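This is the structure I have questions about; it appears just below.
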Amino acid sequence: MADTPLVGIVMGSKSDMDVVQECADQLDEFGVPYEMMVASAHRNPGRVHEWASGAAERGIRVVIAAAGKSAHLGGVVAALTPLPVITVPIRTSDLGGLDSLLSMVQMPKGVPVACVAINGAKNAAILATQILGTAMPEYRERMVTFKREMAED
Amino acid sequence: MADTPLVGIVMGSKSDMDVVQECADQLDEFGVPYEMMVASAHRNPGRVHEWASGAAERGIRVVIAAAGKSAHLGGVVAALTPLPVITVPIRTSDLGGLDSLLSMVQMPKGVPVACVAINGAKNAAILATQILGTAMPEYRERMVTFKREMAED
Amino acid sequence: MADTPLVGIVMGSKSDMDVVQECADQLDEFGVPYEMMVASAHRNPGRVHEWASGAAERGIRVVIAAAGKSAHLGGVVAALTPLPVITVPIRTSDLGGLDSLLSMVQMPKGVPVACVAINGAKNAAILATQILGTAMPEYRERMVTFKREMAED
Amino acid sequence: MADTPLVGIVMGSKSDMDVVQECADQLDEFGVPYEMMVASAHRNPGRVHEWASGAAERGIRVVIAAAGKSAHLGGVVAALTPLPVITVPIRTSDLGGLDSLLSMVQMPKGVPVACVAINGAKNAAILATQILGTAMPEYRERMVTFKREMAED
Amino acid sequence: MADTPLVGIVMGSKSDMDVVQECADQLDEFGVPYEMMVASAHRNPGRVHEWASGAAERGIRVVIAAAGKSAHLGGVVAALTPLPVITVPIRTSDLGGLDSLLSMVQMPKGVPVACVAINGAKNAAILATQILGTAMPEYRERMVTFKREMAED
Amino acid sequence: MADTPLVGIVMGSKSDMDVVQECADQLDEFGVPYEMMVASAHRNPGRVHEWASGAAERGIRVVIAAAGKSAHLGGVVAALTPLPVITVPIRTSDLGGLDSLLSMVQMPKGVPVACVAINGAKNAAILATQILGTAMPEYRERMVTFKREMAED
Amino acid sequence: MADTPLVGIVMGSKSDMDVVQECADQLDEFGVPYEMMVASAHRNPGRVHEWASGAAERGIRVVIAAAGKSAHLGGVVAALTPLPVITVPIRTSDLGGLDSLLSMVQMPKGVPVACVAINGAKNAAILATQILGTAMPEYRERMVTFKREMAED
Amino acid sequence: MADTPLVGIVMGSKSDMDVVQECADQLDEFGVPYEMMVASAHRNPGRVHEWASGAAERGIRVVIAAAGKSAHLGGVVAALTPLPVITVPIRTSDLGGLDSLLSMVQMPKGVPVACVAINGAKNAAILATQILGTAMPEYRERMVTFKREMAED
């Protein structure tokens, strides 16, 4: 059962993989099963719609969405699922990621996302695990250990 | 036939109507038939999806999308239609509309929008009419007259 | 048992209450029990330390921290608890809340927060309920209903 | 007749050609005939004036203007033609293109431009083709195909 | 001869007059003859062209151009005259005048303008008088007196 | 007695050492004894708490705190000590250090920090020595000499 | 002797007094003697020069400089005295004080200032007292009391 | 007499010479005699004071001041001379020169500077020559020729 993905990661472009890999690595380290997909809210709206609409029923409990520039992916997914959606704004060569950040974080009333720092893929993984930990003691324990190890490092 | 809407206006929230009214008024003045709808990309994704997917077939030739903050509406519509999509970033009380502007204008490769100024609803109407004018001589003529009147004013 | 607070709200100043009230109202509407405290990370570090360190053991599952300007409250709390911490950057009269936003969202590796929009207190409540919903079916159901009602509105 | 340019591209400096080439390539791929000129609104105002004033009569239906820094080219052209004018703000080494973007997008009432993303030359080509497609079925078809291919990619 | 205007003031919109009045008042106080015109670079390109092209020959020695948002007026005038052009970026309700400022100050190589502060109309008058003072002793003297009075105030 | 540290330097991450070294070098040149520690307000809250709470009693008279992104270190230290706290915002690859700067400088009423420029570690050392010089004549003298040497250089 | 000013406050304009009053009030509350002067670095350079050059010899130990827009006052004073200089960037109606802040905080190597928040006049007073407290036990004590009272409030 | 400098160039740091050289080269090309000095408003206030106070009497007619970060040099010089002062904000590695730009351009009422673009040293030379041209026909002629050559290039 541990193999059923609990976290669904979606990114807007293959080029985001450089950043998102850090997220996957951290989930691996925490032993959190996840699935990962590349699908742009703009170029593949159908695929995003299908993936997001079915996520909760597939057993996904937390979504992580990474995108850059007019970063609509997180908002589009959040519109389609009752699950908490973590967003990772990707750094941009023009505006340093301020565009991605504002596109993601300034969500209107009714449809929140949980935004982390620009390129904060590792933190997205930790936040997802904290969220899982609200219900699953092993992840809560893992978070306690992680904090202790970090403090001792 | 003149009554079939050529321009489809969609806005993210009823509160955007204050700004968008200027767009409708200008289209009225130009004699351009339009339809208008309030539907949030985040709160009513289904309605937006249905409206945008069918716009071209209903005879709409140009879309105008107005939204504020994480202004995803224009991008979401642009993902679903082959029509040109004009976006109006709505001013915000926090960041003056810089958030709306960057959310709208920084679209990734493959899915453009035509962004006008913050709160530039009147200009969206003019741009839409210019686009219609590329095919319909009466609107081209109207644009020539409009420019001349403006210069003489 | 439904009365044991599941969400802990902390704000940096009494003046933030205007914004935070919207969060409390939304949690009330969802039937989510919460506790609420005013404590500045800068003026009352001891109180914040005590509150944050004990939150998990008191049964709190999600923290919401609202603060403005150099908004360190969320980060300070996140440093002291394994729980997920949602942060609400408060609008400022000088920089519109860009200072609060960047202070909160740009957390370094290892200690994430889940940042919502400037003054996004209502969305913080929804996000907290979504997080509770990953474990508690009644809140998951509530979120599904909430989205449906919003779409129909 | 297919050889009569339908799109007129103008850029402010030879150095903009690196970015604008992507626009030309995309129009080539779509089979849209275009003309291209380097002329600065500041250094060659006469040439820009002549080119813009005559564009509509030469058969041009859409203008694309690319420029950086105090990017006045698009506005100057828009002042002189009833055609729709798409603007491409060029990235700058100082401010990342925020200067170009604000110079272009914040047009005053009466004279709109259709602004795309910083360095969004490829999107300018797609938007121009969408505009042509409002009147010419082959380009409308091309846009439908393009979107389908992109989604399948 | 004192009545021949030495300074030519042009503003993009009648609404800029609130700010520009301070400029005229200061020139009056300094006894500098000036002419003043409202003409938008976007709405009245012909009038701006004619005015700017003939300014030097009419005896104007310094131009002051005030405009807001995509503030192209100063650059358009500077392209058409060998005279020094002072620009006054007008404050905007959306972005505080950052748009006007960047549109004006970031001029490309070859065509400078002399930009003063946002809404800095009074300073534009002083700068114009300083420039006149490089050739006309009475204005140089006036500037010396003005600085002394200011210091004593 | 000269060996008892008068300045306590704390930085949020080992990677800040590149910048902070300049601070240490300058203090060495001025003959100001200091201690230096790496401790993140987020990852090592306990260590920071202990260090800051005891600083005054250990004889430290001025604190220098360097950190990047959501730079809470200076504020957290300032909350725990009556000593003056100088903060050095570290440049960031995303936003150039604007995030670090605003996180540090916009402290709320009651708990100030003394913020220097982005990456201004050398200036932090000079400022610390100026502060020591308010009480210790040898450092006052050193500052007078330093200014004279700089002017002659 | 308690009446000899220990803190010298200078502000660039009479209009800054609204903000600076809070600084004076706080120093009064702490029993710190101060002197206060209005003198612009731009309009009264001579007066600023004389005041700043003689401050140390008059017994001043800490300078507080408040100014807005191109806020050069703090840097000009810091160039002329070996004393620590605290700067208060004044909020501006155009850019919210970002101009004042960057003008003050980004000082080049060799001449630091200690910048507090936009309009942070009260904090400037506290910081000045903390600096005095490094040498004068009564002010150190006052700071300890102040922090305790604030925490209890 | 042609050898008496008409333009005085001052820069805040030797490192600004890379940018300022373009200014000197352009003045050489125009045959405008100039003098050039490195002197920081912060590190060498005395030298700046002496140079600026005597500039007008030495025959200098226009000043050009280049500086970066908290770029006070132009304002300090403008406070001390009745001559027009052109300022060149130098690009910075942290904030791209936005700090230098705002420090220079936002001058308060009474003491203007003529700000050109970030790193706009060549344009400063052209603007200085335009100013000289208001009185000296050979430079007016040179500006007319320069514009014609540029347009033909």
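All chains are identified by letter, namely A, B, C, D, E, F, G and H, in their written order; residue positions are counted from 1 within each chain.
Basically, a contact is a pair of C-beta atoms (placed from the backbone, for glycine too) under 8 Å apart; a residue touches a chain by one contact, two chains touch by 3 or more.
The structure displayed is predicted, hence computed values, not measured ones.
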Starting at chain C, what is the smallest number of hops through touching chains needed to reach chain F?
1
Name whichever of B-C and D-E has more C-beta pairs touching across its two chains.
D-E
Approximate Å spacing (C-alpha centroids) for the pair chain C, chain D:
45
On a C-alpha centroid basis, what's the spacing between chain A and chain D, in Å?
36
With chain centres taken as the means of their Cα atoms, state the distance from chain A to chain B in Å.
31
In chain A, the residues touching two or more other chains are 43, 45, 69-70, 94-96, 98, 105-108, 110-111, 117-118, 150
Chain pairs in touch?
A-B, A-C, A-D, A-F, B-C, B-D, B-E, C-F, C-G, D-E, D-H, E-G, E-H, F-G, F-H, G-H
Using the touch definition up top, name the residues of chain A that touch chain F in the complex.
91, 96-98, 117-119, 150-151, 153
Per the touch rule above, chain D residues touching chain H in the complex are 43-47, 69-70, 93-96
Provide the residue numbers of chain G that touch chain F in the complex, in ascending order.
56, 61-62, 82-84, 86, 101, 105-118, 120, 122-124, 126-127, 130-136, 140, 143-144, 146-147, 150
For chain H, which residues count as touching chain G in their complex?
12-13, 40-43, 45, 49, 68-70, 72, 75-76, 78-80, 92, 94-95, 98-99, 102-108, 110-111
